[in-house]
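Labels A, B and C are assigned to the chains in the order they are written; within every chain, residues are numbered from 1.
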Amino acid sequence: MPIITLTSDMGTSGYYVGSVKAAILSKIPSATIVDITHHIRPFHISSAAFVIRNAYNQFPQGTVHMVSVDALNNRSPRFLLLQADGHYFIGADNGLFSLALIKQPDKVFEIAFAPNSPVATFPARDVFAPVACHLLQGGQPDAVGKQVTDYLRPTAWQPTYDANSITAVILYIDEYGNCICNLDSTLFAQIAKGRAFVIDVKGYAIDSISRAYSDHPQGEIVALFSSSGMLELAMNHGNMAELIGLKEGDMVKINFA
Amino acid sequence: MPIITLTSDMGTSGYYVGSVKAAILSKIPSATIVDITHHIRPFHISSAAFVIRNAYNQFPQGTVHMVSVDALNNRSPRFLLLQADGHYFIGADNGLFSLALIKQPDKVFEIAFAPNSPVATFPARDVFAPVACHLLQGGQPDAVGKQVTDYLRPTAWQPTYDANSITAVILYIDEYGNCICNLDSTLFAQIAKGRAFVIDVKGYAIDSISRAYSDHPQGEIVALFSSSGMLELAMNHGNMAELIGLKEGDMVKINFA
Amino acid sequence: MPIITLTSDMGTSGYYVGSVKAAILSKIPSATIVDITHHIRPFHISSAAFVIRNAYNQFPQGTVHMVSVDALNNRSPRFLLLQADGHYFIGADNGLFSLALIKQPDKVFEIAFAPNSPVATFPARDVFAPVACHLLQGGQPDAVGKQVTDYLRPTAWQPTYDANSITAVILYIDEYGNCICNLDSTLFAQIAKGRAFVIDVKGYAIDSISRAYSDHPQGEIVALFSSSGMLELAMNHGNMAELIGLKEGDMVKINFA
């Protein structure tokens, strides 16, 4: 039976996550539920998208990913089921999945539910969990609602560049203070053309790409293309974001010689 | 096989939760264990009761709920197994379950254990887990100890009211800063009799009950009867408790016209 | 099938833990994965060792313990599989297991992997998970690499003592603020020889060993040999570490009459 993953901003100090799992296990006692995280910053769609983007395709094909972040974003919340890349995604129509998915979704369905039903405060338990169970039990995706094409598709922040420079931003700061930027190695190589370069972040300069954090002595700043495939700025055995005072959204400039 | 849920104030940074799960899985390798939360404020019985009250009956009948909060509350700790509402509850005789349960328990058993056994510092692992496994393996509840009636039954904080006003308190503040009060919609309707009203919280006035957070613009204060069935004061896309400086136990006054 | 436990400093706010579980469940959909903790202080080997030491042997024989703390500690990281005490341990050659294991390991294998493989930033997912799956599927430990004896074996901090005193240090502070010291009851009894004593911690004096936190009134300082078997200094219903300002590594002096 496929896996269900949970990603949310619910935290783990209340009854919310337990209630969602109860809703799933009441229908499917043998379900395999994997928490990706419940510590997305409240309402922070782009952080959630980054986490989903890096986690989802590690799971087997057919996995159902429930994402409850900013799910009640407007007066008439609209909930979606997406089929994409061999996976299912359930969440609100708030643009999150367009930022998270590597490929365009194959099909998008609007989840039908009675507009006056008491779902208005807890869609993860009352809407997403039943849809996830439907899919796990072999139900067809088109049974949950009509196919739509008019869902929200925000444009992800893309790095800007010219012949001799790239300007990226910090997308995400992890538990270690490592700063992951919206720049992959393909674009970097395309502009770099093998030239020397300086990565400038808040006045600190990095002039090489490392293979591992430990290529430099402890406490030194390192740039590498990490397990997420994106440019990561880190400090070997230190918390780079804290020490230099970086936050998500900060700019990183790369100049090529 | 029934589910075991875990609720505690152990946190998740040490070896405690892992040890409890090991104690269960050593006896029943296929047990389904669901963490409700391990982040109850240490020794905070009323928060734990609120979480249990809102989570337990989402689980299937027969679920075993282990609750380890303030379990060593006195020199001769006493541990209970309760049968209530089709569920089992295991924890200390500290009044928590009387606050948590919607109905009176059907039966309460005092868990027998050797008074000089080394349970004095870790009852969740050494007492509660074995009792939970006993139940999961089809054991009878009365095999764990003698039935008792003299367990602690504190009175839950109830709202006070007269013909034209209700005074409630904030029972619980969740991860989003939403403030849940000890007032359900039945009592509210009974006093309101359809009249206009003002909810006064720290000088802020709310004069309507919303159906959803998003009934008001972002940043506005909203009152609604939430997924828990209780009055909830929230800020659409904001952290109400932080911004207004509310804490659990604060008073909320409702005046009817 | 044996259990896999996970211990790391990855935190639970990103995609790292989800990715590790995905790597395991992709190969073994029915795997039982138990999080011990992902909140080890980043790079803090001795805290991780304390947690593992107290958790591992509660699990059934044959359990596979994956530990990812400071796994990329040097330029040429080296990863080990240990067989010890009927359990398997997978992690980096950074000395952690020598501090964690009660007995010497029976056998230690160096995990073979291609030195230029992209494991350099995420060994838990890319190296440890596949080795764990190999073992769960009945694979032999010696198939993962050659047996070695030259792994790191740091000496654990031992208490110092003479005929009339013991000097210990605080190894670990738990969620409740309880302070666990590197002193077990055997050494204590050996020096004490039944004499009166004073435990001095930051000027506070404790002159008895209790059986339970609640042997003293709330707010009083208590010393006991806890569920970990080590000397623990605690405050009944209070956070001792916070109130007295203690931290891991602080000294505790015991003088015998």
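Rule of thumb we're sticking to: a contact is a pair of C-beta atoms (placed from the backbone, for glycine too) under 8 Å apart; a residue touches a chain by one contact, two chains touch by 3 or more.
Computed from a predicted structure; not experimentally measured.
Student: Hey, what angle do you get rotating chain A onto chain B on C-alpha, to the nearest 5 degrees?
Tutor: Roughly 120 degrees of rotation.
Student: Looking only at residue numbers at the chain A/chain C interface, is the share used by both copies over half or under half? Answer same or different.
Tutor: Comparing the two copies, chain A and chain C contact each other through largely different residue numbers, since under half are shared.
Student: Calculate how many whole Å lie between the centre of chain A and the centre of chain C, each centre taken as the average of the chain's C-alpha atoms.
Tutor: 32
Student: On chain B, where are the residues touching two or more other chains?
Tutor: Residues 12 of chain B each touch two or more of the other chains.
Student: Can you tell me which positions in chain A touch chain B when the two form their complex?
Tutor: 9-19, 21-23, 25-26, 29-30, 42-43, 70, 72-75, 77, 118, 120-122, 125-126
Student: If you look only at chain C, which of its residues touch chain B in the complex?
Tutor: 1, 3, 5, 12, 32, 34-40, 50-52, 54-55, 58-60, 172, 174-176, 211-215, 224, 226-227, 232, 237, 239
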